[in-house]
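One structure below.
The first chain written gets the first letter, and so on, giving A, B, C, D, E and F; residue counts start at 1 in each chain.
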Amino acid sequence: MFLWVIRRDLLLAMRQRADVLTTLFFFVIVVSLFPLGVGPEINMLRAMAPGVVWVAALLASMLSLERMFFSDYLDGTLEQMLLSPEPLSLLVLGKALAHWLVTGVPLALIAPILGVQFDLSIDALLVLTASLLLGTPILSLIGAIGAALTLGLRGGGVLVSLLVLPLYIPVLIFGAGAVEASSVGLGASAHLSLLGAFLLLSLVFAPWAAAVALRISLE
Amino acid sequence: MFLWVIRRDLLLAMRQRADVLTTLFFFVIVVSLFPLGVGPEINMLRAMAPGVVWVAALLASMLSLERMFFSDYLDGTLEQMLLSPEPLSLLVLGKALAHWLVTGVPLALIAPILGVQFDLSIDALLVLTASLLLGTPILSLIGAIGAALTLGLRGGGVLVSLLVLPLYIPVLIFGAGAVEASSVGLGASAHLSLLGAFLLLSLVFAPWAAAVALRISLE
Amino acid sequence: MLKVTNLECVRGENSLFKDINFILEAGELLQVNGPNGSGKTSLLRILCGLAKPAYGEIQWRGNFIHSLDEEYHSVITYLGHLNGVKDNLTAIENLCISCALAGNEIDEKKAYGALQYMGLGGREALPVKVLSQGQRRRVTLARLLVCSTVLWILDEPLVALDNAAVDLVQRLLEQHLEEGGMVVMTTHQEINVTAVLTKRLQLV
Amino acid sequence: MLKVTNLECVRGENSLFKDINFILEAGELLQVNGPNGSGKTSLLRILCGLAKPAYGEIQWRGNFIHSLDEEYHSVITYLGHLNGVKDNLTAIENLCISCALAGNEIDEKKAYGALQYMGLGGREALPVKVLSQGQRRRVTLARLLVCSTVLWILDEPLVALDNAAVDLVQRLLEQHLEEGGMVVMTTHQEINVTAVLTKRLQLV
Amino acid sequence: MAINWFKYSSPPSFYSLAGKMIPLFSITSIVLFALGLYIGFFVAPTDFQQSEAYRIIFIHVPAAWMSMFLYLIMAGWAAIGLAFNTRLSSMIATAIAPTGAMFTFLALWTGAFWGKPMWGTWWVWDARLTSELILLFLYIGFMALQAAIDDPRRADKAGAVIALVGVVNIPIIYFSVKWWNTLHQGATVSLTQSPKMATTMLTGMLIMSLACWMYSIAVILMRTRTIILERERNTMWVSDLQGAA
Amino acid sequence: MNWASWSDFFAMGGYGFYVWGSYLVFLLCIIGEIVLIINRRRTLHKQLSLIHKATKQEMSNETTP
């Protein structure tokens, strides 16, 4: 049933490919904006690359949050989910996972190409991908809470950013930190394992909190 | 009548202060995320400051675009504007100007404070403010086209970013370029006058294009 | 003076109506009837130039409306399904601003009088969001009192109004028609307006 | 078996209804009537636990529904104003998935049969967005054929349906009631279902 | 003649006309590709500066040219659709976008694969490269906007506006090498030693470009036919077509 | 003829990776585009024939009784 939710969301994403691609291109465009703003000096670009890629990933993931529950809310599917005999938090977990598969994974996979534009080393590129793969599910999980809280509110887009960006900060610090550590030769494993710990924590708590938020928003 | 549009939008912004503040906070948060992502080296931060502030301004201005026509579209005011005896492009110009007064000007005014955090010199701070004051109206004007085109579309938020960010790039390049030029001791006047030329161009063409787009979207 | 020939409207893939022909002279009322989704709103939007017909022409005093454009806008007043009032502005601000946007600036006193007439006395300075649905509709309709246009195009003006307000609107329409104005309107309710001539158009 | 005592619902600042009491036994149909905005949808949402009442209790087989929670969900089927079908999925995908979400996985053959019965034969593999409004409603209602729940809570199930489909739904309800099921429904249309007992609840 | 044009601007007759033209253009493009590749790999000599790496030119330059031409043509058809409300021209514009985006991507990709051996880096943020990247974003924005709008007539018009606004980018790409002092120069290749080699190279490049043209036309016609069917699915002629099939 | 042997041809004077990397992607893009179009056309035809069949069935249902 958990699997059904994921399956359904992926099927929908397949049918509305434009939505998925738009997020991806937003990510690419934002990352490409920085060199244009900062100038083409390759050393500086290399140094700021991890931060830039990670901030862009944060923003892309955040902007696509609105989609997580909104169309289901509009067409009544969310009501049906609330009435399902399975625990709601499991459903939310499914939706967050689907969101990750649809936004986080493509971001992580395309990030190395962008990293090449910033002249990152192979090692750093690998760590970048790994940190994004570990970090983006956290973004989807925490984001689910924000998306559930702002469901159907006017100005939801900017509001959700205010709610979730502060919570995203630890992920940003350790995600970007991992890449930097590896590019200056220190190991990235400490940072990555911290990210893993965050992931576990949010896997446990976020679906539950988002489920509560959903019930509140739909009442 | 042009003045009435501006007056009305400012009055509304006054009544819904939360919306205005949210944009401002988004700007502040995004700018503050970078030092977290990139690390605390002050030289690098100083070098990337113009680019970062400008990119954040682009994103903040872009995210608030949705508001430009959307509430008027929902409650039918936009229809009334289309039926006004004044040319529609004048109305659009008024709305873009109001959008600038509400988002662009506060951004430009708060930017020096953020610039101080990046250890910019006084000169550079002044040029930053000047470039933002010259550049943000262009963002509002070009953005009006994108906002008008995506009016009432599913997933409008990310879509508008895809449409307008590429068009924002010249503004970003010359805006951030001006600050950099002044902080390395070259004069910023060449960049600023180019921005001024862009502004004139977009003052002439953007309201007209946005008016065409509005008519298409409302048909 | 308003002449419509062979109008056809296509929404999505099917044609809503076709071969609509009528002439509306000064002092005449045209009432458009039809079930939900039959295209009444679409017709009215075409008449005021907000949408383009798939086929056919609309002439105002002998000129095609798409060639008149802004000139045509200054002789019509269109009130749609939506109220076009802002929740966060007061009734009087809403009235003043919507008149100004329609190219007809009025002073506070006139606006005050119009709201008074519409039975909103004492509520002019409240933000519209605390008003009831019917009261909001009255704020919208107050524009008819202060505008000086000839052709009124009204989409379900009586929705959400109580009997007193319906009477008020009927009297307003009668007065406008007597003065040589024209009205095109839709309504699902019964209405009795004494006009020079009341035409009916049935959409299916 | 479903017992409601002293139910009150408050939306915004005013009370929509209060002191609603009824008991629904196996084989019984409860029809909720009332004008627009009288609180029918609100009542149904409270009955299935989507909203909380301002006052009063709802018991299912002697247990309060808020203590049963997910267990209660597995005995009810709620169909609301909204269809809960996805435009971009096909009819058969929609049916399979919504059943699976309701904790009742069905195979393609069964889903196929249900759609066939609802008069959608030949259209199972089309994306729902190309179906007409009535056909979409039929896709939603097809869930009633394959679910195995006892209590059906239906909000205006007959909307957008033509006469043939209305008959179909009536027969479906009769069969469900004969088998000892229960139905709570609202409708503005006339319906005749032979049930053990048809109760009526009038909201004002 | 005028009547003829009129006839083929109606979707059904264009549909059948395009059906007849597609094989023609496909075969020509296959022949030209074969010829161009043969010249490119076996006739054109090794470049004295770049050795064999320069052979990327036979796809890089055609792809770069096509990316710009196709954008202009797309904007042109879209503008005609916007001005004269002709359905077919808007459909052609819609059909051009994916092919244009593909050639833009290829120009970027092949450029990057050329830059690594020549400049030592996959990517630099110089004016031509950046503006070409923006071109890709413009194509994608056009496609995304049209995909998001359900009403095809509105999609056509909205797409036309954004396509026309984006046209400013094309002169920027083309003249970027002149206006700014950039890494990307066109000169390296034409500076080969003898005029004979330059001519074989030039013929190779031109033949490949022609092949890309033919390919684009064939693919765009195919896509236009599909779009016509999608949009006119409820009309008589499509169901007649279906009944005949 | 520029090439002494096939391996020479594939090596491209040491630039094989770059040259073949470009040409391969070029080929893949072209093939991918054609496949996508044919796919789109095929699903469309399938849908159209389904609709056609359904409407024909309905029409015969209406006329026979």
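The rule we apply is simple: contacts are C-beta pairs under 8 Å (C-beta built on N, C-alpha and C of every residue); 3 or more make two chains touch, one makes a residue touch a chain.
Since this is a predicted model, take the numbers as computed values, not measurements.
Taking the mean of C-alpha positions as each chain's centre, the chain lying farthest from the centre of subunit B is D.
For the pairs A-E and A-D, the larger set of C-beta contacts lies at A-D. Ranked by how far their CA centres sit from the centre of subunit F, the chains are topped by C.
For this pair, subunit B with subunit E, the centres built from the Cα atoms lie 33 Å apart.
The centroid of the Cα atoms in subunit B and the matching centroid in subunit F are 42 Å apart. Each chain gets one centre point, the mean of its Cα atoms, and the points for subunit E and subunit F are 17 Å apart.
Note on chain placement: the centre of subunit C and the centre of subunit D lie 40 Å apart, centres being C-alpha means. Touching two or more other chains at once are residues 71, 154-155, 159, 162, 165-166, 169, 219 of subunit B. For subunit D, the set of residues touching two or more other chains is empty.
Chain contacts: subunit F has residues 47, 51 touching two or more partner chains. By the touch criterion stated above, subunit C contacts subunit B in their complex at residues 48-52, 70-71, 73-74, 76, 78, 80-89, 93, 97-98, 100-103, 105, 127.
Residues 130, 134, 137-138, 140-141, 144-145, 148-149, 153-154, 157-158, 161-162, 164-166, 169 of subunit E are the ones that touch subunit B when the two sit in their complex. For subunit F in complex with subunit E, the residues that touch the partner chain are 1-3, 9, 12-15, 18-19, 21-23, 25-26, 29-30, 33-34, 36-37, 40-41, 44-45, 47-49, 51-52, 55.
Chain contact summary for the complex, subunit A toward subunit E: residues 18, 21-22, 25, 29, 32, 35-36, 39-40, 42, 45, 116-117, 119. Residue ranges on subunit B touching subunit C, taken from their complex, read 1, 4-5, 7-8, 11-12, 15-16, 71, 74-77, 79-87, 91, 218-219.
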